[in-house]
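You will see two complexes here that share subunit A, one where it goes with subunit B and one where it goes with subunit C.
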Partner chain A sequence: MPVFDYAPAPESRDIVALRPGYGLFVDGAFTEPADGGTFKTVNPATEEVLAEVAEAGPADVDRAVAAARRAFDGVWGRMRPAERAKYLFRIARVLQERAREFAVLESLDNGKPIRESRDVDVPLAAAHFFYYAGWADKLRWAGFGGDPRPLGVAGQVIPWNFPLLMAAWKLAPALAAGNTCVLKPAETTPLSALLLAEVLQQVDLPPGVVNIVTGAGGTGRALVAHGGLDKVAFTGSTEVGKQIQRTLAGTRTKLTLELGGKAANIVFDDAPLDQAVEGIVNGIFFNQGHVCCAGSRLLVQESVAEPLLERLKQRLATLRLGDPLDKNTDIGAVNSAAQLERITELAASGDAEGAVRWQPECPLPDRGWWFPPTLFTGVSQSHRIAREEIFGPVLSVLTFRTPDEAVVKANNTPYGLSAGVWSEKGSRILWTAQRLRAGVVWANTFNRFDPASPFGGYKESGFGREGGRHGLEAYLDA
Partner chain B sequence: MPDRLAVRKTYKLYVGGAFPRSESGRSYEITSAEGRFLANAAMASRKDVRDAVVAARGAFAKWSGATAYNRGQVLYRAAEVLEGRRAQFIDEVAASEGRDRDDAAGTVDAAVDRLVWYAGWSDKIAQIAGSANAVAGPYFNFSVPEPTGVVAVLAPQSSSLLGLVSVVAPVVVSGNTAVVVASEDAPLPAITFGEVLATSDVPGGVVNILTGRTAELAPVLASHMDVNAIDLHGAAAGAATDLEQAAAENVKRVLRRPDAEPDWRADPDPRRMLAFLETKTVWHPMGV
Partner chain C sequence: MSLLVPAAEHLPDALASESTLRRFLHGLPGVDQVGAEARAATLATRSIKRESKRWALDMAVRMTDLTTLEGADTPGKVRALSAKAVRPDPSDPTCPSVAAVCVYGDLAGEAAAVVAGSGVHVAAVATAFPSGRASLAVKLADTRDAVAAGADEIDMVIDRGAFLCGRYGEVLEEIVQVKQACGPAHLKVILETGELATLDNARRAAWLAMAGGADFVKTSTGKVTPAATLPVTLVLLEAVRDFAALTGRAVGVKAAGGIRSAKDAIRYLVMVNEVAGERWLTPEAFRFGASTLLNDLLLQRAKQRTGAYAGPDYFTID
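Then we have the complex of A and B:
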């Protein structure tokens, strides 16, 4: 059979004008940190340093919270809601206008394929601002009483897997409801949030309404523990989420948490198999598996396990791993050396505990951090790769015989963020969905996101919802 | 004498995305509030109404089938274009309604903001008008709002732009298409608003604007069997009952003529949107 190879199709990175250094965005301007600390952010596909970024300490966090409080009391909290709405519409529009620039920057800093940053992250981020802009002057119809009030100042800590999109998920509903924000991006992916700060300047957002403090865990801890917040929103690991919940115990600070997951993707014997294969691939290999709602546990009905796995392996062999800026790339770089180490260690535990590893032939680039698409069969529920969140392109395959068994196995996890169901039979899908203890259930699809649709978890995947009408509640005194 | 003679605009109808003259070849004189000649407006006929309904019906499938997000973006785009023509509309509204420029400017600004307000509703109507219904049985049961179809709108007579935007936007944001009869004595801003729509990615036929005698056109719309609903806002007081009776022939949804003209500057509420929605309830069994 002739092999038709793909020619390289790299997106140009010239559209992004990186500055050598970035300050903290406080009170409408980029400022130097009080103690002058900086850290480097790196392109995970090349290990090249992209920029030096200021590291915010407690004094900087304090300054940012104070700026947010002034903006809340003086401008944003008392602005006519229709005017707030128009600022958010402007942000949505500028994100659309500068979409390519954001997409390239996101792929540079995060390592995700340009196809995903271009078609998912950036358009969805703009759509979130557009959606919540519309709510800003319609809050009395949102179902939280006739005159719902904002909370005040929100501290928001976001992860590295969808840097711009997570910033949008946090900022848009908070601002629409009338709150002001202090946002802490992840230390490995601060750049798109800082470019967003430039957008906020372009749209003349009043100073202090959004402040961005970059840094690592210490900065996040300083923000969360700052006594001046009315609200904390966190997306990240369950472990850190629990620390934050403990930190805020006994305070009056409202908290929402969007944490880890170990989603079951259930394939019944009557599922459309080709469609299911695409959904499974999208479910676990989207964004290198750096997705809290990734379908990382495949539960297949025994009678179709063999044909399904055969097709799945064929499909995995066609995935293209490599340059994130190449438009044909399916799987980009793992975001950091630390994350690669974690994935590698957990995959090794799969081998050690007796699961069977399968990987397609997949040459890895010499530089950068990479992990090939990986599938484990013969996985039992007690294996670490069936219990712990790997946050990488590793799929654990388990089987079941009856629908009841599928539900029991799917729910056998401390997490409860998402789940997938594949079947041609509508009543079976709904029966299953009703029994799954998960905040989002995808039927015959996976990893769908929309600003109108609430997202969030059951159990140790967190509480509170982001997106949709429900997402407003997190930022209202309701 | 000025050095240069201005090129005046011919005000025509706005039907199916184009600007035709009335097929009747008729027009009528439009003057400013002080009686100064402004333009000759097309005087639409019964046949123009029918053409407009055909255009609206033709546009319905695509417009109602577009995503709510897309409709919201398109209406927001119309607001952007309206804002860009702010000065032109201030002149037209001031001349048409006899307002001073500051007052007219406030009206135009409110019209832009009104369009933005409704644009934001596109993907939220279902979230306040739909529901998941807890029926007593193993069924998944939900209700969603859907657009009613082609809606005839008799626009307010006194508020030529803000009133017009305030009655048209709630009709089309949910996916309906509209045939609008503009203010009879002040129709010019409506036709210029048609130019805004024509340059804003609003598909042709979604909004069709007729100018002419309300008393002549309204009965044709009220009795038209392919019109699903009618807003009688701009009807004459004495005509409303007859129009409602005519509307009964195909059970049109009727938004009644108000007793008094509302304050169009006041904040709106969702009622105008809800008036032109159907509720669809779907049952689906749950079970292995």
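Then we have the complex of A and C:
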């Protein structure tokens, strides 16, 4: 029994009014799907069914795209940019006003700790709308020509790891640039996007400007292959990204992809060790490791590996896993049984291939899907856990001897989304960052996001940038 | 440098000469200020409720060094404060005593007379507190005087001038000598981190103090702004944790100045718990140096007990 045992401090879920069923948000209204199909969305921490959600088929997708086209031609594409900005500012403000409601719903549907949904997901989502609202009437100065035009209708498919935030990343720049959207949230986490639809009604966004079609892979395929889209934006796995690229090859539809990653977090021997430990923890255990830019490979200089790992293990022992709605929870639930199975399988491959598994003492709840924070030492570049994206709270530890070796190992991956560098020496940070083939390089921090900063990958991590001035390019005829 | 340094057996290379001492202190892992502040801010979001809050409030009372360090202090004021230290809440017999009364050395005898037999310690500031600008002979005499007057804890200040111009050996020697002058009294070494300015300096000064035999490292005199902050306390807690891993000796930490609310105090306890560990969750290893904090702790204790807030007039002002 710990000396200082924190009593449960759960955030109340009463603030969220869950409906038993949700329709598709098309042309400004919630509507039933043509063939009446539904699926259940589940709380991953309890396996309790939260709601029945409509499953969109090809006919529904067609209706949504048609509504978006009408809205683009009739209203949104012709609206004065300053007026568009007002809608986006209003969305941002309402997101802030209803922040607690969004945070609780996100934690219920996704399994992430309320501390993260409250302090990261929801504030950042609002910040993205604020940021791009500011761009709407300043597009001439974005660096894409004197009179950049919107593309038209964008189809946007987003993942389950940051449901609301990814919706904001997709919708805010598209709308600011004058496009209309059909958004497909992930099938395990549709609820915050549907609550966002209520916000869009609340701010009187013209019907059809944003349409939300819920469903699984089939719905996503129907949307991507629709033919009536000017633009497709996808965030998710590299495998699905490649399928989408094949589908759209030879068509006029523009594409941006934000895919997987296997980021290296490089710790040099002159790093601020205690803060590096925090950065490693934040890099791989933030959101249960369900982060495409997670620092899943720790590359540590051999001369400092031992003290660093000792500190890291001490730190992992203080992580609190459990009820996502408890304000003191650090590690929540794995989003789905399928994801848990994948994490478990890959971790087992680490054991089988000869890496050494370490986990702190960490009792898991009886119901729901959980995986304890895990680190593997003795990992070599050839191990599956060093090459494949695990998308879970599993850290692979590798060592290096020289800065050159660190860079070679860090770049020796098909991915290239993000990387971290830890050193107290500025010149070493710059030398390393120049050589890393990764879209984002963090220095003495990790997993820091800001709407003004572009984000995106090299190689199999995708192409195109989201965030910042650069994020507008994907939605303009630049 | 041939000092009888208490930590010499564990740090023989570091303490061999002035230059090895400098190399050791500058070879300690750096502190990234942005990262340290972010860690402190995240820990401050912990939500401590119900029985854990009651436990924390009692522990914070037991960890308090109830302090008066004014030029206007009188024997009467110190006696009143000492009575309060023994029985902080006369309406509640379950309320624990505080850890110590902290006063200027010339009034230590007044405090000792009141708290005798209660278990409450008498802490006296010494070594030309708060500036520390006096000769070593004066500082040692100041220390011996306070111990003779009845202080069993001495809060000394380091020579920040010497530290900032890199004369680390001089700072260390002074700590070692004051420690000897303390005799059986416990030594708290005030780093005055507000004047050291960087977190790197705070970490180096903490290691110097621990090497010199400090029983506690203490953030501040309370006379300089900023005094105790969560990030600087984080760095001191990391230092004592690392020193204990190296030597086995658990040096305490005292956060002093600027901690006024029970809510703040609980944030410090969370940090002690998660950064240094349970071993530091006792009045022997963690203290608050404060004057107004105690009444807020008492107010919150009473709220937990009765379910309602009492007015400030129900708690004594001494």
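Just so it is clear, the second predicted complex is superposed on the first by the 476 of 478 C-alpha atoms of A that agree within 3 Å, B and C clash if a C-alpha of one lies under 4 Å from a C-alpha of the other, contacts with A are read in each partner's own complex, and residues count from 1 in each chain.
Operating definition for what follows: a residue touches a chain if its C-beta (ideal position, glycine included) is under 8 Å from a C-beta of that chain, and two chains touch if they have at least 3 such contacts.
All values reported here derive from a predicted model rather than from experimental measurement.
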Thinking of the overlay built on chain A, is A:E302 touched by subunit B (first), by subunit C (second), by both, or by neither?
neither
So in the superposed three-chain picture, is A:E341 touching just subunit B, just subunit C, both, or none of them (first/second/both/neither)?
neither
Would you check which partner chain A:S427 touches, where first means subunit B only, second means subunit C only, and both and neither mean what they say?
first
Quick one: is A:A7 in contact with subunit B, with subunit C, with both, or with neither? Answer first, second, both or neither.
second
Touching A:D119 in the superposition: subunit B (first), subunit C (second), both, neither?
second
Going by the contact rule set out above, which residues of subunit A touch subunit B in the complex?
82, 85-86, 89, 127, 130-131, 133-138, 141-143, 403, 426-428, 430-432, 434, 451-452, 468-469
Touch list for subunit B against partner subunit A, complex:
68-69, 72-73, 76, 113, 116-117, 119-124, 127-128, 138, 140, 269-270, 284-288
Going by the contact rule set out above, which residues of subunit C touch subunit A in the complex?
29-32, 34-36, 38-39, 45-53, 55-56, 59, 238, 269-270, 273-274, 278, 281
Can you check the complex and tell me which residues of subunit A touch subunit C?
2-9, 115, 119, 270-275, 278-279, 318, 327-328, 424, 444-445
